[in-house]
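Listed after this line are the structures, all set down as structure tokens.
Look at the two complexes coming up: chain A is in both, with chain B in one and chain C in the other.
Moving on to the complex of A and B:
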């Protein structure tokens, strides 16, 4: 529940940054250098029935950037007269149709709430324009919406042949509700599942269609994060399932006699089944409610750890309740159901599990299965590992060394004989340890990669990013967002640096957006000589027409180094050759590094937003430049430290979750050990009667705990390393586009193994302590022959 | 439960406690084994010059006494189910510090098993044995470390006549050969007839 609440919280905060009309069910139709005439032709084709009948709405959009008081604003031009009740913008912006249509038609604009509505002074192609802006809460920050004709004039497109950015279309979605519900229950699942490329029959030549959601890379990125969290969080439900199953087995064993007596007394089987359901329901409600309370508390703690300054808003709606109770009821019910059928149907379970695992395993190898397939493959590996537990017990039993001192032998044998009680606990413990190992290896490998990249890139002592006024007010914001404004600030900055240190070498870069195959990419342009490209692991001058691409871009467009790609920006189309690639940790979009000349060929007017300064007088520069709200100055050490802190904060939740899973597994092991103690109580009494001392019994328990922990670790180590490799080499690329080098070290693995072993040992010793010793009573029962009869009562093998 | 009761059993003597259920036979055995505490009275075990005052022992002392001085045969076999037959027989040797090393113990145990016709069952687990076989192993376990006293509580109560006779033969012959005092509780006249002495608990 904590993971779910955190994921939903992250989703909501990201939703504020993204355009709500770019939903998964919205289609984006594009044509290179499209004009409004092209839109008219497209619309005519739709009206004539030449296009797919499933389209319900179509509207032209012109998107661009416009300046207001030295800040860049996104402006969206839409057709005010095509606004309709319940339509695309009406539903996503949650605005009253009449007022919006009226507002746009009068030439006024809608603006996001933080903008000063009555004092917008826009720098347009027509000169300075003062306009009235009506605040609209649903708009993302720094967004304006106006009529497309107005926007066309402001952006300076020529009369009568206005550029068209794209056409938005909505389509009837029969499965929309199911997908929406699935997304609400398991955040990120739709991003993970992918929806494939849409097809639109009858589309005129030159037009392409894509889902708006897939173009919204920030949401896709966030969806991947959410699904990763949700999937890893779901592992706790699997672990809990094993523990509940084991508890239910013990419970059924205890209640078997009672059930037989009730049946003998005439109670009907249906009544017993109702009783079973009632018990499951009580389990589910209790576990769901308790889990929800703990989840809310944990989510608050985790969010306050990762983003201490952010206001946390956790909404406990019906979805949260339904998920908490539903999960608890389902897991509890399934576990009890399986436990109640420890007969032929359960004997088939390994085969069913193996078949299921083998069916899911290909998900690891086929990229087209997406993130969902990757996690299915991960689960398959876990299931296959789980299947080795039973045969593993048999193998260990057959080949256990009998030359050990008898007390130690007894400890080992007691565990092997208690496989029925311990099998599920061992599985749960092994899964928890394996998860902890995999997370630790992946996170630490990622950290090693990140630090290597930081060392590579931060070769200059001073870094400066121009900040927009809005950013400067937000001191907590650590993101160095590029700005396309502030040419004056840029010039002044250069002058001040040169004045302080005439020998300082300034490397300036700027950023812009373009498209490849209709999808958005980021372009970073600058003087990419060998000194600069070395930061990206490429130590030669970047030739004209050549680019460096981040891993995400290569992956997104299925390219390799030396391939060519065509980049479009407005009317311009430029063919570029990929000279090399670099890891784009943290890059949300596919990114290209290009020389300034190539940027200019794409009609990008160079606007420098970032500066790296190589200077012998770095301290003096830092002291002189810091504190000016027009730019943000950082030293290399500070940037590195900040990146490390952000990384550690980001993964603090993940690490906390793994410790929690280990704790849960530890409690489960404790419960299993208590059950085993109960089953083997008579045997312990017998040993006391034969003269085994308390100290030897303790030794036996320690041996048993260590053996259990050892088995769990032996299973968890290879599984954990395999899971870590999958996280690094399969899930990371499919989630975020970058691959993490798999570089396990003993230091990454040992803590999880030690905690797992410690949990098993602690569980054993606590169970021993809780069970206590009352040898007098137990052994006298042996002598007097009371209690269970014969060695058959000892449980285990017998 | 037991008052004014005096009994001395000599080394190698077979003494049978005979009486109906509830007459205190098992309680007396439990008291001798130190498994129950007596309110008053004394229980002393002597061997050569050594002496153990059972009634004065604490919990650990009782455990130490049982492992070195005592062998116990239960009505319901009570072999350790998680140990093989050989390991069950090795247990008293190790506990009483009479182990002569792994191989030597193995030979001793094999010899004992051969004597009782179970030479091929050394690696079997108790659950794989019949009742008669289990009780024969239980008898060997009680005597393998040559204890001063062997206590047997209804050792044939759970066996058919043939197996019961075999087990009693084995128990009495080995107790006599190892010079262990055998205190055997039973309500079987057939068993009582074969004892050196019968103590009527009625």
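Moving on to the complex of A and C:
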């Protein structure tokens, strides 16, 4: 529940930052050089019912750039007249369609919140235009939305018939379909499953359709993170399921005699079934409510740890209740059901489990199965490992430790004899340890990779980024700064650096956006000579027409180094060759590094925004440049420290989850140990009667706990390493587009093994301590015969 | 006489006015008063005005009159299927200028000088359903517009288009998930020049050009609730264009267009003034095969007899008593809920006409506007 609440909280925060036209229900329709007539034909086809009836609205779009302040503003021209009820901006503007349409049609614009509202000054094809801007929080920074007629004139496309950028269409609300419900129950599952390309039957010739959300890489990225968290969070439920099964088996054993007596007294089987359901219901309500309360507390703690400055708003809606209670009922019901039939249907369970695992295993090998397939493969590995527990006990039983002291033999044999009681607990413990190992190895491997990349990139001592208009403080109080200010800031910055250190070497880069196969990519342009490309693991000058691509881009478009790709920007198209690739840890978008000349061929006007400065007088530069609101200055050490802090904060939740899973498994082991002790009470009493001292009994218990922990660790170690490899090489690339090098070290593995072993030992000792508080129990068991059930032969076959 | 229809249009065009680029300094969050929208106090702002003595010229006047601020093509049809089940259809297209005529074409394909609005509704009496749709479009080529010959007017998939070179036969077409109509209006109806040969005075300084065509034979198909019905019946067309049609002081209007079984057509309306006085421009007209007889407020009475309350609490009078000279008509909605839940809500629907004995003697359409505002004022 904590993971769910965190995921929902993150999702809502991102939704506020998401451009309305990149919503989950929006489609992008494209046709090369589409004109008004093409749009009319498309719209007429829709209105005549030739297209899918699930479309609710459609608008033509003209997208372009227009200058205002430091940087160019992106402008989106939509048809305010057709974009009405059910349109994109209804929810984001918190107003009805009339206000949106009216705002745009009167010549005003909707603008991102950091832009001035009263009188926005724009450099348009008509000259300098002052327009009223209404703030719209949902717009990304530096974005404007205006009526398409207005945009057409501002962009200077009024001569002749302007080419449309694309057409946006909305579908029915996502809450109306099953995927929407699944997304609400398990945030991130849509991104994990991958929605595939939409189909729209009846499209006029030349039109293609895609999901607008695929441009919203930030949310896709976040969706992957959320699903990763959700999948790990669900592990608690799996572990809990094993433990509940364990508890239910003990409970059924205890109640067997009572049930027989009740049946003999004439109580109907239906009544007993109702009682069974009632117990499950009580379990479910208790576990659901408790889980919810703990989840809320944990979510608050986790969110405050990871983003201390963020305002946390946890919404407890019906979905949260449904998920908490539903999970509790499901896990509790399934565990009790299996426990009640363990002598019949459970015999088939290994086969069912094996079949299930084999069916899911291919998810690891086929990229098209997406993140969901990867986690299915991961689960398959876990299930296959679980299947080895039973045979493992049998194997261990055959190789009995006859050369060891008697007491130790007794401890080991006692555990082996109680394998029916301990099997589920051992499985849960092993899974928890394996998960802890896998997370530790993946996170630490990732950290090692990240630090290596940081070392590679941060070769200069000083880094400077021009502030966005939102960050820049306007000393005059007016927001109408001409676009030349950005260039002026850039020029002044260079002058001041050169004045302080004439030998300083400045490497400047700029950023722009373009499209590949209709999807948005980021372009970083600059003078990519060998000194610069070395930062990206490529030590030669980047030739014209050649580019470096990050891993995300290669995966997104299924490309490899030496492939060619076509990049479009407006009506410009440029064929480029991928000369090399670089890891893009933290990059949300597919990104290309291109030379300035290639950028200019795409009609990108160089506008430098980032500067790396190699200087012997770094300290003096930092001291002189810090404090000016037009730019942000950092030293390499600061950048590195900041990256490390962000990394550690990001994975704090993940680490907390693994500890939680280990705790749950520890509790489960304790319960199993208590049950085993109860089951073997008569034998213990017999040992006492035969003269075995309490100290020897205690030693036997310790051996039993260590043996249990040892078994769990033996199973968890290979499984954990396998899971870690899957996380690094399969799940990370499918989630985020980058691969993490699998580089396990003992330091990553040992803590999890130690905690697991410690949990088993602690459970044993606590169970022993509790038994010690009831000193008569062992001897009385000898008299009453209690505890005989469940342990077929003392000491097993030895 | 077209007063209520004009008023209805003006009510509907309030949101369109908000779209207008001719008021760049205004606060778009506030709706413009209807009277200002209609030029009642705001002048004509460079638009043409209706003039007495200007003759209606067909087919030219079937097309758009872009020099005027607004106009509409307003069809209503009284229909029944082969089993005799009653249906009603409303099909309306409005044009509203966004700025005075410039004398030059728009600067670009997407630069619109006009906004267009379409409303279509089907009343299925036996099915107890009233389905409607609304379309708004900019006046860019292909999206919305009108031409006189061969006649066509269209808004975003809704269209009224001559089948041949002549105005009639005419095809009304609309398709959506809830409303689907394909009707053909044939020649054979009556042409009625409203007011003084098509010059319709609405006030001391307000007027429009206005003509109607009644009893146009209709055949075609209606699909409602995914069931298709072959229907026949007759339609009523109102065509009106103006720049300044209403004076201030009106709170709403009640309008009736009735087709009687004896072959007569009746139109009557009353304007509800803020001071509750009778408006001197209220009118009734009775049309038969040979005559068109007009009645001033002193010679007819229109009084509500029954109201229906909508989900917002507004009361709509859906039963009426109309007395013209010494003849009394009892009018009752054939379905109470025929409310148009559009950008501006109004009631427009199929009604039954009965005589004093309760015998059905005709059917027609009733339009009610301004009652929601009345309810809101009462709540205040």
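The rule we apply is simple: the second predicted complex is superposed on the first by the 676 of 798 C-alpha atoms of A that agree within 3 Å, B and C clash if a C-alpha of one lies under 4 Å from a C-alpha of the other, contacts with A are read in each partner's own complex, and residues count from 1 in each chain.
Definition applied: a contact is a pair of C-beta atoms (placed from the backbone, for glycine too) under 8 Å apart; a residue touches a chain by one contact, two chains touch by 3 or more.
Remember, predicted model here, so these are calculated numbers, not experimental data.
Visitor: Of the two partner chains, chain B (first) and chain C (second), which one does A:413 touch, if any: first, second, both, or neither?
Guide: first
Visitor: So in the superposed three-chain picture, is A:79 touching just chain B, just chain C, both, or none of them (first/second/both/neither)?
Guide: Only chain C is touched by A:79; chain B is not.
Visitor: A:152 contacts which: chain B (first), chain C (second), both, neither?
Guide: A:152: touches chain C, not chain B.
Visitor: Using the superposition on chain A described above, determine whether A:40 touches chain B (first), chain C (second), both, or neither.
Guide: Second partner only.
Visitor: Answer with first, second, both or neither: which of chain B and chain C does A:32 touch in the superposed model?
Guide: Neither: A:32 stays clear of chain B and chain C.
Visitor: When the two structures are overlaid on chain A, which partner does A:688 contact: first (chain B), second (chain C), both, or neither?
Guide: A:688: touches chain B, not chain C.
Visitor: From the superposed pair, tell me which chain A residues show up as contacts to chain B and also as contacts to chain C.
Guide: None.
Visitor: In the complex of these two chains, what residues of chain A are touching chain C?
Guide: Chain A reaches chain C through residues 35-37, 39-40, 43-44, 46-49, 53, 60, 62, 77, 79-82, 84, 97-99, 101-103, 105-108, 147-149, 152-153, 157-158, 161-162.
Visitor: Help me check something: in the complex, which residues belonging to chain A touch chain B?
Guide: 402-403, 405-407, 409-410, 413-414, 416-417, 683, 686-694, 775-776, 779-780, 782-785, 789-792, 794-798
Visitor: Give every residue of chain B touching chain A within the complex, in rising order.
Guide: 26-27, 29-30, 33, 35-37, 59-60, 63-68, 70, 72, 74-84, 86-87, 90-92, 94-96, 102, 125-127, 134, 153-154, 157-158
Visitor: Going by the contact rule at the top, pick out the chain C residues touching chain A in the complex.
Guide: The contact residues of chain C facing chain A are 15, 18-21, 23-24, 26, 28-29, 98, 106-112, 115, 136-138, 140-143, 156-157, 175-177, 343.
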